[in-house]
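One structure is given here, and the rest of the page talks about it.
By letter and in written order, the chains are A, B, C and D; residue numbering begins at 1 in each of them.
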């Protein structure tokens, strides 16, 4: 098959990471263009990676026939609009999570892609991390039996230095824990989330709580097969980036994630020491490469996407229920927020 | 000092375990008597361990001047009454958890011991497990910073073969998770639990749910320092007895518990294999010995008990709030159940 | 820079592995040709990987101006001749270990590449495995202090099913342990190997010993900084492919390699279970990709190779001393075998 | 049975450790007397542990009918003489390793105990460490198949601060590695050591080498079942006390020892941290208690000792061959040194 030409929309931290993988590490794929609204940003990245086009104009990229697909790595609130526009232009779409932050938007994104007949893959990267994938295989193979207790957590590397005022409200649910919500659904195959109870606070930056900034959360989710899942997040883990999952079932337990950066261990006067991964782009390097390779394969081989808009909508529904649970302190059903 | 003479009240599984440790593994302590209501049971254990007295009559033991203390290892519902009786008889008391299953009983037990001036130590064994003690030291030393997210879990070894009908309602909270509730309070030193949300179900024995038997539970606890804790329990872990804790704080994280029975690792055609501990009496052998040694030391050196009736009341209050939360599906404050 | 065009010489197991990485996973590199003496073998691999040329004629590839470099993955005994021929044709060279099996051949290969001014990189892949690289960094940074005791081992995955008669004599030293000899020198930077004592036997296939087939060996190496190193190999590890290293020094110890295939852990009725990697191409996937990327970078940026012919000659000298030690049962100096 | 009365001969570091265990942690055993040649030393220890007798006179203890057995924890060179004297006095004997430092002395000790009909148990403590015991069970059960490659190591905690001039020559073989020699024989059940090659140096204290002080050694041992074993020792591991073993066999591998002090793990800004055990009395606490309990049980139940004088003689024979190998740089057969 001819070379697949992709463009990135958004050249920030994750956009740059994905662009580099596409440009250098996936066979048969070319980074044809980089877009970013900030003048100069797209140009710098395109030059570094040898992409022929750099522009601040998304329309320019969507209008080109020789570009087959886009990676949407712009700010979360713009994702749905970009998905709809890209679908309308007939581009295949890899969109970073969250695909949408309202149910209506999720429906709109899914419908647009279906109508256009384009691939729509969502950036739930953990599904492609080797340990998580092996855990999923163990569950899917029946080795754990029926899932009864699940856990998934995300701890962003600290210290937290961002300006809380620039982080949209509910980000911990819509952008961070949405990963865990997807992971928990994926690790409980065939089951549907039913109700949610959430607790959240500003423990890292208590001073920012008055403005609605939350940085620490625990969410309990009931599934229709009885399983009880816990999702947990913090914006500031001083020891690095930490994502883990655990599935306890009627026949056994499986865990994934250990935070190590390599299998090297040092023994010194202070004891045993192991290096941790400090960033998602380090810990999940293989996962990012695998998910983008899977996207390219879906486009080229006309396979269905491995992570769909429906998956994104399901994870979003848990996030929306969690938000309402924080607002009301009550247990909230998924039905309430998706009705 | 002269030899400390102890008697066990209850010669079941844990009573036998404790009796053996007292009889054989603690210096300067003698197992003077064994009591059990079932004729023959006390006699068999006493003979095996060389204890001079075996009886079905607790009063006989409490009435003897040469017996300095008792280990109460009878069924949970009898604990408070036995604590009160032993205190009235001037005996020092080690009581298995739960010390009481109502707030009034907890108060009654504490008052009885205080009035009698006897040691009252409660069997929260994890505090004495080396890994948990090291985790506590790390938190107490400030190495983790302020606790923000905590987790404690108990998974009893499966398969679950007991008759659910013979297990009192709410046992998962009052007898199992009460361990975790104590662990979480202990690992968040200086903080007070404020509110509780619990989810529970009969996932191991769904058929027994109609009778109020619950075998799987997740509890979320808020503390007055902001920390959010999760306690989790199952009655049937096929891989063995599993107790673990995790404290994530502003400066770092500490974990305890790994389920291994030794540091031996086997590598064979199926991969890497590590044996797990199958029972609490195997996994927590060192902890049981340490807590009973601490009890003996408290009696002999007139030190305060390391785990007090107040600790038991605090853990109980969380259990009571969790029960009410299951009944109402609401978040329940500790104040509501202790008022 | 224009695309780098590479050809593989040898399309066996490792040749196919390397060809696939070059064809699909290294940016700016093309697999231009595949050669293999067996008719059809090159064609099959070339077709699968989209390489335009497949041939049984190495000369055809060496004569093409548009091919910049070769990967020599033919049988060990042909390596030196191919290095010399490729150098004479002005091709940059990545040669699988061993580069040579006699000192004279090692000198010949080094001289040919130097004379031709081409890159010559040898396939000591462990230097590129993340854990080994981190271990090396710890030693090079001085964290372990002066190395005093070192260990490196190779265990090929079992069961061993090859025909011993088709494996050249001394293969365990010249082809297997040569990896460990390089690893030990690399992990003891600045030190020179001085003497060697080796023990070897046919424990996997005792029936093949009469034909000189050895499948199990332990080698002790003294270095001029006093360090004592042990290298160990077996041809049949039933649990999978196992390579590990350990450096114990005056300030601390570092280890690399743990045999796990992912960070997934399963807990079931038999205990704790972890999957192992079954082949070098699985365990060392990242290392193979990194070493071939480093080769491409050396060619494109005219950097010196990270693993040189001199490194290969040094490792070979230990292998030759080990062979003589087995023959004589004496300790053999490096000087004796390189004179 | 009546209480077993034991006396310790030697109240140094290990003598004190053993005395404390006997006095406080073994049921039915009393520490009746403490002897030490340094005036005041026995007295202090006896007072601390409540032992009624303290003396500088070994004869006084050996002459007492109410003392049933002795623990010989005096300096190594005095062990044999004390074993012979204790046996002559009819005392059961637990003797720290090495039981003897010459073959003749080993024979003499064994004969004395046999003639007197007393228990003679040697202090090879690792056999009683839970992980080592589980490894042995795996080998004995056939799970590893026939042992082919073995490893055992001892690293004493550093920094090394003793005066090398006060340490007898060959101590690293006779007192340190003798542990590993026993471990390797025990982990290769049914096999007999045949020949030995050793390398040793003064890498920790190079200045002391001229006086014959060696602090670092590697020993290779061939067994009559073909297995090749490596024993390794250093006097100065800055990270703590480290003893480990590995058995690789035709069916699998087993390892024991991981250096952790508990199952607590800390994650902080520097990465993952695990505490190590700093002393043998910390790492092997359970093993020391188990071996002394086994000794008491052997005396009381008239069982054969679990670690015999014959085991000590076998380990000694390897040490003697290793010494001769260092002296001659040749491979030395066991037959040469025991003839």
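Simple rule for what comes next: a residue touches a chain if its C-beta (ideal position, glycine included) is under 8 Å from a C-beta of that chain, and two chains touch if they have at least 3 such contacts.
Since the structure is predicted, the reported quantities are computational estimates derived from the model, not experimental observations.
Participant: More C-beta pairs touching across which pair, B-C or C-D?
Facilitator: If we tally the C-beta pairs in contact for B-C and C-D, the bigger total goes to C-D.
Participant: What pair in A-D, A-B or A-C shares over half of its contact pairs, by residue number, with B-D?
Facilitator: Comparing residue numbers across A-D, A-B or A-C, the repeat of B-D turns out to be A-C.
Participant: Measure off the straight-line distance from the CA centroid of subunit B to the CA centroid of subunit C, and report it in whole Å.
Facilitator: Comparing mean C-alpha positions, subunit C is 56 Å from subunit B.
Participant: What is the distance, in whole Å, between the centres of subunit C and subunit D, each centre taken as the mean of its C-alpha atoms?
Facilitator: Chain centres of subunit C and subunit D, defined by C-alpha means, are spaced 41 Å apart.
Participant: Could you list which residues of subunit A touch at least two other chains?
Facilitator: In subunit A, the residues touching two or more other chains are 237-239, 242, 251-253, 260, 267-269, 275.
Participant: Quick one: in the complex, what on subunit C touches subunit B?
Facilitator: For this pair, the touching residues of subunit C are 237-240, 242, 259-260, 267-276.
Participant: What does subunit A use to touch subunit C in their complex?
Facilitator: Going by the criterion above, the answer is residues 23-25, 27-28, 130-135, 138, 143-144, 251-258, 260-269, 275.
Participant: Sort out for me which residues of subunit D touch subunit C in the complex.
Facilitator: 145-146, 148-149, 151, 155, 197, 199, 201, 203-204, 206, 216-218, 220, 222, 226-228, 230, 232, 234, 236-239, 242, 248, 250-253, 329-331
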